[in-house]
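Next up: some structures, all given as structure tokens.
Both of the next two complexes hold chain A, though its partner changes from chain B to chain C.
Up next is the complex of A and B:
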């Protein structure tokens, strides 16, 4: 359990900062979203090395899941049960998509897999818009339904506080799952797969099984995140927003920045990225991307293993020097 | 009969637009074929080309056909600069690094364009008369676009097949180590191929302005990046020639299915057309990842 302690400690500090200092809840929730995104994506990207460029589709499906729960159950008297049903729906929908994508697209590797997943994301978005399902391009607005279920005071509390608490929980559970995987057979199998898939296969590792397991786990966390950080918080779902490829890239940046496949990586990456993005958009509104883009290029060129990865390497290097 | 006429008209437009799509994808395929890098920021270079055509026309009255050569030079220079500052260091890096780096480059170019030229939609119209084709009237500027993309693709083909440098590029694609042993400077070939790929893409941006009267804006490229992916996969991802033919097919399919899907009640044919395109992409990737048209050699 020891590797989990610094992570829990940091989450608690973040929570206390947000809860006690007035005006800090918003930035803390913003940063937590990116940390949770990183933790969720790390389970797939970090552990398998496969680049899913359409990851945001899982968040999108999750946010639709929550919106569907509210729009069809807002006349029932289930109260918080509706949120629960929404969460389950979000998980189920994103897992089903990940199973479908995983079963077919995980046969492809490298650039082909990345392009195929972009295709899934965009194809799904245009299907929703084109066939006019779930409100088509007009999306779903559920602020009225949330008020119907909870009354306007609690509804406000749900979208400004409860939604963010869920994000904290998702980040924590995703980190814990990562920790569990890393210390089990699955972690070693995935490590072997990431280093050399063919060799791992020859050694008798069922690579397909572990790849799909990591994919489904990662996708269901993404679904939960979409359901809470987007639908519950914003109270609407627009296909043009929720299928935006930028979120996928942000998730990749966070995992990469921290160090793919490490337990602390997404936390470090999410913290750095979230703080940079939030304060750049406060200090220099409209210019944050102009600054982030070259930073992204520099990080990719300078730290191909991410910051946590680079630190690990450096520490290891010094240790081996001593031993020699 | 009205429907058949409409379908034929749209298919004709599809073929013309498809030639420009083909040219716009050749750069992507060339870069992937030689360097094994997927340029996720592809569309930003098309945007640069579109703005080149726009400013040349508005400020100096230079017609788009002349701007093609200017755009080619701009693109070549841009390609060399980007290669030697970023891409060179990532040649042997995993996909993750190159995907992120090229995305970052595209984003940076878009933001720079927004900084200098603002986020508004702009456009210009280059009026050089039109031709009556019987069922429809086609502007001459679009026919020029068709002819220029065919000529550019053909010149590139000749360059690859008939010159020493072209042969060197083919040798690097065939066998990197072997080419190195034969005294080919592989890094320089990479740089040249990347620059040509970017140059072609920027040049195709000029031709795209002839089809989008008021669609020039810093973020216009995203749509073309996605289309280019579909077309590149259709043509085999690593083959510029495959991409060029696939562009034609894509243009025909896009406009044809738009006309047919428009008959369905209660749908948005524009979005469904794209859904069809991405479904086709997935099917091709699964059934024949090397592309429908020969693909990698």
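Up next is the complex of A and C:
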């Protein structure tokens, strides 16, 4: 359990900063979203080495899952049960999509997989808009339904606080699942297929099975994140917002920056990326990308294994038990 | 019979890489497969380990037809192999590399057991003190020994070695042959060793030898008989008449 300690410690610190210092809750929640996004994506990108350019589609489906739960159950008296059903729906929907995409595309290798997944996101968005399902291009607005379920005071509390707490929980659970995988046969299987897929096959590893398992797990966390950080927080879902490829790119950057396949990487990457993005857009609005891009290039060139990856190689002794 | 190949054939387009080869390997046997570059040896290994499915013929392991099984269903039965060019998982440690063998081979060990098995075989091949190094940082010879340990950690009944002695000096080769003999004796593993040239080393180890030439089995028999066979001399040294 020791490698989980620094992560839990940092989460608690972030929570305390956000909770006790006035005005800090929003920036902390903003940063936590990126950490959670990194933790979720790391389970796939980091552990398998496969790049999925359609990743945001899983967040999008999750956000629809929550919206569907509220729009169809707002007259029931389930209360917080609606959120629970929304979470389950989000996970189910994103894992079904990941199973469908994975079963086909994960038979492809490396770059071919990446190319095959680019279309998933855009394709799904145009399907939703064109077939006019789930409100089509107008999306789904569920602020009224949330008020119906909880009353306006609690509804406000849900979208300004509970939604963010969920993001904390998702980041924490995703990190814990990563930790469990790393210490089990699955972790070794994924390491082997990431390093040399053909050799892994001959060593007796059912590579397709393990890739799909990692993909579904990672996609379910993405679905939960979309359901909470987007739908519960914003109280609406617009296809143009949720199928935005920018989030996929940001997820890739966070994982690579922190260290793909490391346990702490997404936390470090998400923290740096989140802080930079938030404060650059406050201090130098409009310039954030101009500054972020070269900075990221420098970091990626200087630390090809990511920050945590580079750190792991340099530390010795007792510390190695805490950083993974 | 441990492994039986019945007239297996593998074609790549117009090229017949393995042409109706039959071979039987007993439990605990030691067979050398010899043949020049391109004679179909590696393809034969790929057919046994499941990388390729033969176009014709059957692969039978312990009376079970495994012709169309994928590799991950063959290793639990007890088939392990090494590669001609070692293929370590480079950024993992030596110990983890070998542990992967123990986890997904016939041993099917859990993580803790696998790491113990890994230590055991690293001691056997003499790499124990390198166990925490990154596998990618080993010398080519060490990588080959690590691959051997990784294959052994799978606890196979049949071990396929691909040019495991290439590039070694005579002293290392002697050490390796002693090691292979010990393994065979103690763990009752049938070992197939494949080499490009009929070198002295293979004759010291193998009880039987199969010589391959252009995808076909040229000859198979007890090592000494094969060495004296005129067809083998022809393939390797050319016809005697040309020297006269």
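One rule holds in what follows: the second predicted complex is superposed on the first by the 313 of 324 C-alpha atoms of A that agree within 3 Å, B and C clash if a C-alpha of one lies under 4 Å from a C-alpha of the other, contacts with A are read in each partner's own complex, and residues count from 1 in each chain.
To be clear about the criterion, a contact is a pair of C-beta atoms (placed from the backbone, for glycine too) under 8 Å apart; a residue touches a chain by one contact, two chains touch by 3 or more.
As the structure is a prediction and not an experimental result, all values here were calculated from the model.
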Which superposed partner A:206 touches (first chain B, second chain C, both, neither): second
Chain B or chain C, by number of chain A residues touched: B
Which superposed partner A:151 touches (first chain B, second chain C, both, neither): neither
Partner chain in contact with A:289 - chain B first, chain C second, else both or neither: first
First (chain B), second (chain C), both or neither touched by A:6: neither
First (chain B), second (chain C), both or neither touched by A:198: second
Which superposed partner A:81 touches (first chain B, second chain C, both, neither): neither
Partner chain in contact with A:123 - chain B first, chain C second, else both or neither: first
Touched partner set for A:112, first chain B, second chain C, both or neither: first
Common ground on chain A, meaning residues reached by chain C in one complex and by chain B in the other: none
Residue numbers on chain C that touch chain A, as the complex places them: 49-51, 70-72, 74-76, 81, 83, 87-92, 96, 99-101, 103-105, 110-111, 114, 150, 154
Residue ranges of chain A touching chain C (in the complex, touch as defined): 183-185, 188-189, 191-192, 195-196, 198-207
Residue ranges of chain A touching chain B (in the complex, touch as defined): 45, 49, 51, 53, 104-105, 107-108, 110-112, 114-116, 118-120, 122-123, 126-127, 129-132, 136-137, 245, 249, 252-253, 256, 260, 287, 289-290, 292-294, 296-297, 300-301, 304
Residue numbers on chain B that touch chain A, as the complex places them: 32, 36, 38, 40, 86, 89-90, 93-97, 99-101, 103-105, 107-108, 110-112, 114-115, 222, 226, 229-230, 233, 237, 261, 266-275, 278-279, 281-282, 285-286, 289
